[in-house]
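Following this message is one structure expressed as structure tokens.
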Amino acid sequence: MVVYVTRRETFNAAHRMYREEWSAEKNEDVFGKCANPNWHGHNYTLLVTVKGEVSDATGYLIDLKQLKVIIQDHIIEKLDHKNLNLDVDFMTGKMATTERLCMAIFTQLKTPIERNIGVFLHSVRLHETENNSAECFGE
Amino acid sequence: MVVYVTRRETFNAAHRMYREEWSAEKNEDVFGKCANPNWHGHNYTLLVTVKGEVSDATGYLIDLKQLKVIIQDHIIEKLDHKNLNLDVDFMTGKMATTERLCMAIFTQLKTPIERNIGVFLHSVRLHETENNSAECFGE
Amino acid sequence: MVVYVTRRETFNAAHRMYREEWSAEKNEDVFGKCANPNWHGHNYTLLVTVKGEVSDATGYLIDLKQLKVIIQDHIIEKLDHKNLNLDVDFMTGKMATTERLCMAIFTQLKTPIERNIGVFLHSVRLHETENNSAECFGE
Amino acid sequence: MVVYVTRRETFNAAHRMYREEWSAEKNEDVFGKCANPNWHGHNYTLLVTVKGEVSDATGYLIDLKQLKVIIQDHIIEKLDHKNLNLDVDFMTGKMATTERLCMAIFTQLKTPIERNIGVFLHSVRLHETENNSAECFGE
Amino acid sequence: MVVYVTRRETFNAAHRMYREEWSAEKNEDVFGKCANPNWHGHNYTLLVTVKGEVSDATGYLIDLKQLKVIIQDHIIEKLDHKNLNLDVDFMTGKMATTERLCMAIFTQLKTPIERNIGVFLHSVRLHETENNSAECFGE
Amino acid sequence: MVVYVTRRETFNAAHRMYREEWSAEKNEDVFGKCANPNWHGHNYTLLVTVKGEVSDATGYLIDLKQLKVIIQDHIIEKLDHKNLNLDVDFMTGKMATTERLCMAIFTQLKTPIERNIGVFLHSVRLHETENNSAECFGE
């Protein structure tokens, strides 16, 4: 029987929505108050779901400490208390939206999780506020 | 890569479970205290999930303000502080259960979301209490 | 050392805000959509806090099962799946606001808790929605 | 239209992770503080999702009271305020991990739900803490 | 009987901790990753509690719409999607900590609430994350 | 202006309610399923509130990292993944109730917080489940 395990982590970051090639007016028109040149920010909640079969020896799909370390090293370390537009290597040249960030986190995690823990990365869900979230499945 | 975006909204409403062609006894037998002729009510939490590809220009699947306006106009405006049995055009002739309401909200949202925003309505989830919820996918 | 113990319970009810001696227009003017003649409703969350000294024998301030039974018999039984304006003896002649209901619950609970369990009723907090709540301390 | 209905329940239990045939050192090496011989415990949150078509007569997929009774009799009664390693017949010989427990709950619920209520058991999700959960779908 | 009414609101903002007269090293030493020159941010949750006696006519301590408008005009409008260090008139020259912000919000709200609604501002609580919050009572 | 700052932490533990000098029957009679000889357990949520005046230099009442370390060293380290009846020095000879544990945590934290950080320990609140909590103020 296949089982899915989800780990929740949190981080805080600043960002803004804007395209440099657009005027301030167009940016504000399209992105509203999210275009504020002085930035704003969020407490993000991240849900990482992996999938596979349980070990007979341990009864675990994975050792959650291992998964926690991978998320810490590849994601939290790079995003927590950071500026998503300026400070994050894997977001360079991308809009700092929940959708783009969610997909980028999926891509960052896929190889380390699948190579190091030997389970399948099923989905990444990212909550930007209590009302807004994005999810992707890597297909 | 396909991405899913979820918007959470809330509304408050009264309702009761009963069939007019049944006696008071049978209604109470089948629906218990949910059949109270003087109504009861809930704080409903609604989760609307849309699905599609992200815009290169904005990094958004959708402008959440647009989605919010559609949910506001087609759902919240019609349900908030209303009686689900008496006040809601799209619930006429239907039992006011979480299941029926969830499916009716899906049907109400499908055309305006898919025609106006150009994304696919993936699912509607409706929480009636912290312990009970329904979800449908429109298939 | 004095200790405070809080028990959380929930109930669902319908209500509306209106004064019979006012016109429909005035009721709607003052109470907005809360005046809907067909009612609306909420999932209420109730927090009852008692205060006193811990028993040497049990390490408890109170047996929470006893407190639960008192809240059940005097409050939940009378409010759950009910209409606050029509069905509740201790709300007769009172506006069905969170404030009035909170104070009425305090009054209902004071004697049974203080006489039967021998602890002091410290406060009653009542959440009507995730954004609105009332609290009273009985002084 | 198919609809999914989810019921949330909670229970509290003690457990530990260890293999009797391993030394204390190896158990601690593999399971860390979860191997504490004196046990630790959790507030578990259980989400049971069933799936099917809504009854024309009632507007319900199921009578949630029936589902609640089945979960109560087959799961909560056996797990609440219990030791998952010592007290639970259907966990005998299994590691008391969230994954194993989640799969065992699925297996326990499948027959009574599908035979007695006539709906399909879609999934069981089990939260061990606010950060860790497992889910299975019975395939 | 005195009653307390609490209104919850949310806003998102960027900030950083630093003193201009300190070196980058000293700022990082004292404030850690909160000193990031490129900012970070939070979803703030604000709880405003007012206190007084209930109106006989309405059963309300206050019309929550009025309280909501005051919080909106004096706080949310000025803080939401803003930079707490750069964009907020009433935070000029102050450290952008949860404590300072909480006290400044109290001061901003005191006159408009007490003059316009005629109730006493009891407390302001501000959550910066799910783990950290500040509260003040204006004394 | 005095300000209150609250830090939330969590830990998981096993416990049971019983008095050795009582028979198994009497223990079960008084404590119900909480007397299970094989233990049960909880995810505890701890809220520690300190009180004082804000530093002009930092805008902080305290450096939350310092408070976190004190809570970690004096409380979490000793309680997390432990048995409250068997493993915890400061609970020896005490009933492992939420009330007793809450008061014991207050006593454990008072000196290190007040001596090392120079603020006043205002209160400790401890949630055993989502429905039950205790709080004490040290007076």
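By letter and in written order, the chains are A, B, C, D, E and F; residue numbering begins at 1 in each of them.
Convention: a contact is a pair of C-beta atoms (placed from the backbone, for glycine too) under 8 Å apart; a residue touches a chain by one contact, two chains touch by 3 or more.
No experiment lies behind these values; they were computed from the predicted model shown.
Q: Once the contact rule is applied, which chains count as partners of both chain A and chain D?
A: In this structure, the chains that contact chain D and also chain A are B.
Q: Return the chains common to the contact lists of chain A and chain C.
A: Touching chain A and chain C alike, sorted by label: B, E.
Q: Would the interface of chain A with chain B count as same or different, where same needs over half of all numbers used to appear in both copies?
A: Under half shared, hence different.
Q: Quick one: superpose chain E on chain F by CA and send over the rotation angle as a multiple of 5°.
A: Resulting rotation angle: about 120 degrees.
Q: Name the chain whose C-alpha centroid is most distant from the C-alpha centroid of chain E.
A: Here the answer is chain D, farthest from chain E.
Q: If you average the CA coordinates per chain, which chain's centre is most distant from that of chain A?
A: The chain lying farthest from chain A is C.
Q: Determine the centre-to-centre distance between chain A and chain F, using the mean Cα coordinates as centres, and give it in whole Å.
A: Distance between chain centres, rounded to whole Å: 33 Å.
Q: So what's the Cα centroid distance for chain B and chain D, whole Å?
A: Centres of chain B and chain D (C-alpha means) sit 29 Å apart.
Q: Between chain D and chain E, what is the separation of their C-alpha centroids in Å?
A: 42
Q: If a residue has to touch 2 or more other chains to count, which residues of chain F qualify?
A: Where chain F meets two or more other chains at a single residue, that happens at 130.
Q: Throw together a list of every chain pair that touches.
A: Result for touching pairs of chains: A-B, A-D, A-E, B-C, B-D, C-E, C-F, D-F, E-F.
Q: Report the residues of chain C in contact with chain E in the complex, numbered from low to high.
A: 17, 19, 30-32, 94-100, 102-103, 106, 130-139
Q: Which part of chain C faces chain B closely enough to touch in the complex?
A: Listed in rising order, the residues of chain C that touch chain B are 10, 12-15, 33-34, 36, 38-43, 80-83, 86-87, 129-130.
Q: What does chain F use to touch chain E in their complex?
A: Touch list, chain F to chain E: 1-9, 54, 57-61, 64-65.
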